[in-house]
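What follows is chain A paired twice: with chain B in the first complex and chain C in the second.
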Partner chain A sequence: MAVEKNYGNSELENKLRDRYYYTSDSSKDFSDEVRKISGTISHMCYQCGTCTGSCPSAPRSSYRIRVFMRRAVLGLEDEALMDPDLWLCTTCYSCTDRCPRDIAPTDVIMAMRNLAFRKDIGPRNFLKTVQLIYSSGHGVPNNDVNRAAREKLGLPRDPPTTHSYPEFMPGIRKIIDHYGLKEQADKLLSEE
Partner chain B sequence: MAENQKPRVGVFICHCGTNIAGSLSIEEVMDYARTLPGVVVADQYQYMCSTPGQNKIIDAIKEHDLNGIVVAACSPRLHEPTFRTATSEGGLNKFRFEMANIRDQNSWVHMHDWDGATEKAKDQVRIAVAKARLLEDLQPKSVAVEHAAMVVGAGVGGMQAALDLANAGIKTYLVEKLPTIGGRMSQLDKTFPTLDCSQCILTPKMVDAGRHPLIELKTYTEVENVEGYIGNFEITLRKMARGTYDGPEMIAAGREGSGCNGCGDCAEVCPVIKPNPFEMGMAPRKAIYIYHPQVMPLQYTIDFESCVKCGLCKEICGPEKNAINLDMVDQLEKVKVGCVILATGYDLIPIEDKTEWGYKKYENVITGLEFERLICASGPTGGHMIRPSDGATPMKVGFVLCAGSRDNTGGVAKPYCSRFCCMYSLKHAHQLMEKIPGCQPYIFYMDIRSFGKMYEEFYYRIQNEGCKFIRGRVASVQEDPVTKNVYVMTEDTLLGRPVTIECDLVVLAAAIQPKPDAERIRQMFGISKSQDGWYLEAHPKLNPCGTTTAGIFLAGVCQGPKDIPDTVAQAEGAASAASIPIHQGEVQLEPYFAQCVEDLCAGCGMCVPQCPYKALALIEKDGKKVMEVTEAKCKGCGTCGGFCPGGAIRMQHFTSPQICAQIDAFLLGGRGGEE
Partner chain C sequence: MSENMEHSYAFFLGCIAPNRYPGCEASAIRTSAKVGIELLPLKGGSCCPAPGAFGSIDLNVWYAMAARNLCLAEEMKKDITLICNGCYKSIWEVNHKLKHNDELRDGVNEVLAEIDMEYKGSIDVWHLAELYYDEKICGVKKIADSVTRPLTGTKVAVHYGCHLMKPGKERHFGDTENPMWIDELVEALGAEAVQYRNKMQCCGAGGGVRGYDILHSLDITNEKLINLQEVGADALTEVCPFCQLQYDRGQVEISENFGKVYNLPVLHYNELLGLAQGMTPQELALDLHAIDCKPFLEKIL
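Take a look at the complex of A and B:
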């Protein structure tokens, strides 16, 4: 476990904090859980970097999927789940296509997001999306600008989705309620 | 040049693709060659060594009635034999050929100096032509080859080579310094990646080698002296005093009794206890001992350095066997062989000198070889893996790879990769996880070099079994003095974080180095070493089993680190190569002998002690003392020729007129070198 120091200055303490990796930082349960949820052999990563090299998000952000794979292997739960980069994966599956060890890194990320959400960790935009789907059935609902454009193109103002058939909304809400997603999103956003 | 024969030299310039033609002007050199005295034809070709290239030489000899050939191309080490063959196919004596090395010694080193390289090539061609004008017909000498071979070192490589030679019908002496054959492989528990029991696959070979009618085991024996040359090596062996006789030795010594049968009664009564080097010093042996139960030959050996000569062993051995002689002394024996294979093996480096890893300072830091003995069912713990400090079962074990390998700091460190540590550490990790449920191995590595057949698959398997891999070279190992646990400090370079892992036991995959007496053996057999100390092969790719000394071959780690499959493969290659001259029955020696010009020889004899090969002698001929050369022994080194105060020694193919003509051609641009 990291050694605690007390300088009485939080900024300095953060700067000088013990960055050693100790085996006690590792949670075997976390590794196993990620492996189970992802359904992929996350423990077999040999850190070649093909995933990060394939990633369209990596050149535009600090997101490095290889680092998340390393955290999965070592069971570095806090480091993985607290990292805001976890939410920068676009789930394009390029890494999964190319992984030479036939691992699905995308699914590892999805598993970590699952586990993060269970620990009340989730970014605002994801939570808002949950609310929108709950209220409209759409992550990006129709709006007036869009409606005008559709009219111009000779289309109905609303697409043939829940916007046109609101009678299907209860079904969608039932699914979301089953996982407690809306409740969780409301709770987290209210804590902001 | 035979007398009354005008020199008619042909010059052939090789492009070697762009190796030569890309750095200098072939045309210019060819035009220049045509202006040289004695040159009647000059030609060029993309690859002179190809069949059309060689045909150019053969045709030109006939067409222009040539009597000297110069090829300006690569190194004579590479293609002199090729062009000599072409020369002789054209109808000339093959020694009427001279090579100018305008590739290795010119175009490759002056790649970016077109004009300079072209001028230098002209110099080189002019010098070669100067010698070619004076070349003479020479006849190689044939010598008979002794139908026997010697293998030095009886590890798995030496045994395999000896078995192959013997199975090919060649009498083979298998010389081993230790009291038993088997070598390092007999110390190993399992072999990667198949996890075969090492002893189980080795002992059949040991038995075969021990029982083969054409293999004569020479255990507890060292090479004392080497004389002779390919086909006729006279090797003196020192049979060290072993203190016991086996059956045949009893008969030879004229002793009453049946000799040592390996019963072990003597060891039971022996009062002297010493550490057993076979168990890496972790188990005891007596002053009269065998290394392990499967030794070959099964014959006890007395360590006379620790023996107190109490005589208890002799007493219990009894008159029926009468195997023990406490006053035995070393014996020298001469054997004659045609070829020799060296398979002298390796040692671990003294890894304690790399103090940062704490070997021999902390009890729970051991080497890979010690691990082998500790995990081995026939080892000191009966295969129960324990840690040395308290005998506890280790639950977290760190493996330090590249411990002294790939390290340029000098001292005991080695710049090369030791080539099998990655794989045996993977195997160790597997063995731990198999034998100790819940044991967590950590492998600290820079690269995992799993290059062999099924090796990468083995690496995959070990990772799948739960071994943790931390990419980072271990900076230091530190001990908790209370718990005796050891902390391994490194960086996880993939995480970008420093790492400290508390382990119960640390295993160092120590680098390997040549045996301490490898240097002495090398000098006796007159072979070279590479800069890292391993024996030097004749060519790293095209002649990996041979050496630059004819008749001496290499097998196994003595030539450079290699694992068991590579060692056995090289041993079979060396055996095959060594059997060729033996089966041919005779070898041709290059006729570069010294010759005594008897009219000039004053018979002073001063040259005789100068010769490093003992090839010279003073004899009485026609009432006059003259020097005589044993041509088969002469290596043409020129020591005597340079030394003779009367100029009475002539070096064939390197005569004074030939060398002077070359020097003149260089210094005077050929103008002073006219006949």
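Take a look at the complex of A and C:
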């Protein structure tokens, strides 16, 4: 249904407004952004619930992927981004695998998480990974116990990654800085 | 290329294999050599980066960081192979996306130009397990022929993980509801590949959930362990060090938080293959595993 009909009569426009689909807090921009970032036809969801039925997180929490899909369709930005359940998707792609409309609900969640971080909303553990990669190139860096074990196996104490070739680190930092990610992580993690 | 090596690849290590379970790295190199696959160091590789944590913050930086790793292999003129499903998600999928989406590739190359690199789209990415299964590269028979210490009399369950095969419509592994190809690779070692309920369920670690809500994450793992115990598995094998960490260290955390004890040994397929090819537990650094592998080893040594 068209949002704007241009009848030139505000009283009539208000009377005939689609109250169900376009509530005051719905944003079409949000729907469009989710669709664009996710690269999937998120607006085509017909709410069958195959996604929630396939979800390993659903039976042990209030997280419902179908609800997030509805929020994507209706553009309920605040409802989606402020919900802590947004971070309970393990990205297992079972819903995507089974979606009868060939939508990728997992990628819808990823898009919403991206949009949340643009508003500085997001869990700390995600940001800590950024700091670790920025300093060592690895999300899970080496340690001394492991170095000793590697040596016993006949492997170099540090793997032939950025750990052994730190000359690659400035390039990695430049990429991360290009997107301002390290700055954002430092800022958000210094709060509280 | 060394003598007797028919195929060689740039070996992308990722993080957890080299930095937590180095036995996976060591066994991948040695077991592959025995079936004619040479793994060459990919110098300067980084985190793939973690698709859950990194991708959730900004997909664009995930594309660019993964593309940098791809460029390193392009410079070597070698296809990449790797032993982790998370790495597969980043490295294979970003390669695939950049090859087929010019707008995305141009955006990534703009950033890479700042560090004098360019993504060309000149290589392919493979999980080592799929190379083992591929008749043109290795095949199940060659794996079976490489066995010197058959795992006869053991029941081994396979955890396929998520990011290798799913979503099925964007991958090339066939059935994602009840796959059997890794089971075939396990049976090639002489073990019985035991079937269990909800085989394709997630380990619970991904998407940043392990870091965000560890109890939620462990409850998923616990459900898997219940299903594995039900069929009397002697060991669980997988092709993803992050799944391995979740099952292995996760069992300690499950016992601490839920009071449930399983003591189910967890072995990467390369570690399992290493054992079947005669490698010792010491050569696989199995002492670094949180769950003692001894009950399983006693059945085969």
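Methods note: the second predicted complex is superposed on the first by the 165 of 192 C-alpha atoms of A that agree within 3 Å, B and C clash if a C-alpha of one lies under 4 Å from a C-alpha of the other, contacts with A are read in each partner's own complex, and residues count from 1 in each chain.
Keep this in mind: a contact is a pair of C-beta atoms (placed from the backbone, for glycine too) under 8 Å apart; a residue touches a chain by one contact, two chains touch by 3 or more.
Since the structure is predicted, the reported quantities are computational estimates derived from the model, not experimental observations.
Once the two complexes are laid over each other on the shared chain, residue contacts for A:L74 go to chain B alone; chain C is not touched. Within the superposed three-chain model, A:V140 lies in touch with chain C and out of touch with chain B [touch as defined at top]. Contacts of A:H43 after superposition on the shared chain: chain B is touched, whereas chain C is not.
A simple residue count on chain A separates chain B from chain C, and the partner touching more is C. Residue contacts after overlaying the shared chain place A:S62 against neither chain B nor chain C.
By the touch criterion defined above, A:I175 lies against chain C but remains apart from chain B after alignment on the C-alpha atoms of chain A. With both structures placed on the common chain, the touch criterion links A:N9 to neither chain B nor chain C. Counting contacts by the rule stated earlier, no residue of chain A appears in both its interface with chain B and its interface with chain C. Residue ranges on chain A touching chain C, taken from their complex, read 37, 56-57, 60-61, 87-94, 96-97, 102, 104, 106, 110-111, 113-114, 117, 122-123, 125-130, 133, 137-143, 145-146, 149-150, 152-155, 159-165, 167-168, 170-172, 174-176, 178-179, 181. Residue ranges of chain C in contact with chain A, taken from their complex: 13, 15-16, 18-20, 22-23, 25-26, 41-47, 49-61, 64-65, 68, 111-112, 114-115, 117, 162-163, 166-169, 176, 200-202, 204-209, 211-213, 216-217, 219-220, 223, 282-285, 287-288.
By the touch criterion stated above, chain B contacts chain A in their complex at residues 396, 448, 460, 463-464, 466, 468-469, 471, 492, 494-495, 497-502.
Residue ranges of chain A in contact with chain B, taken from their complex: 19-23, 41, 43-44, 46-47, 66-67, 70-71, 73-74, 76, 101.
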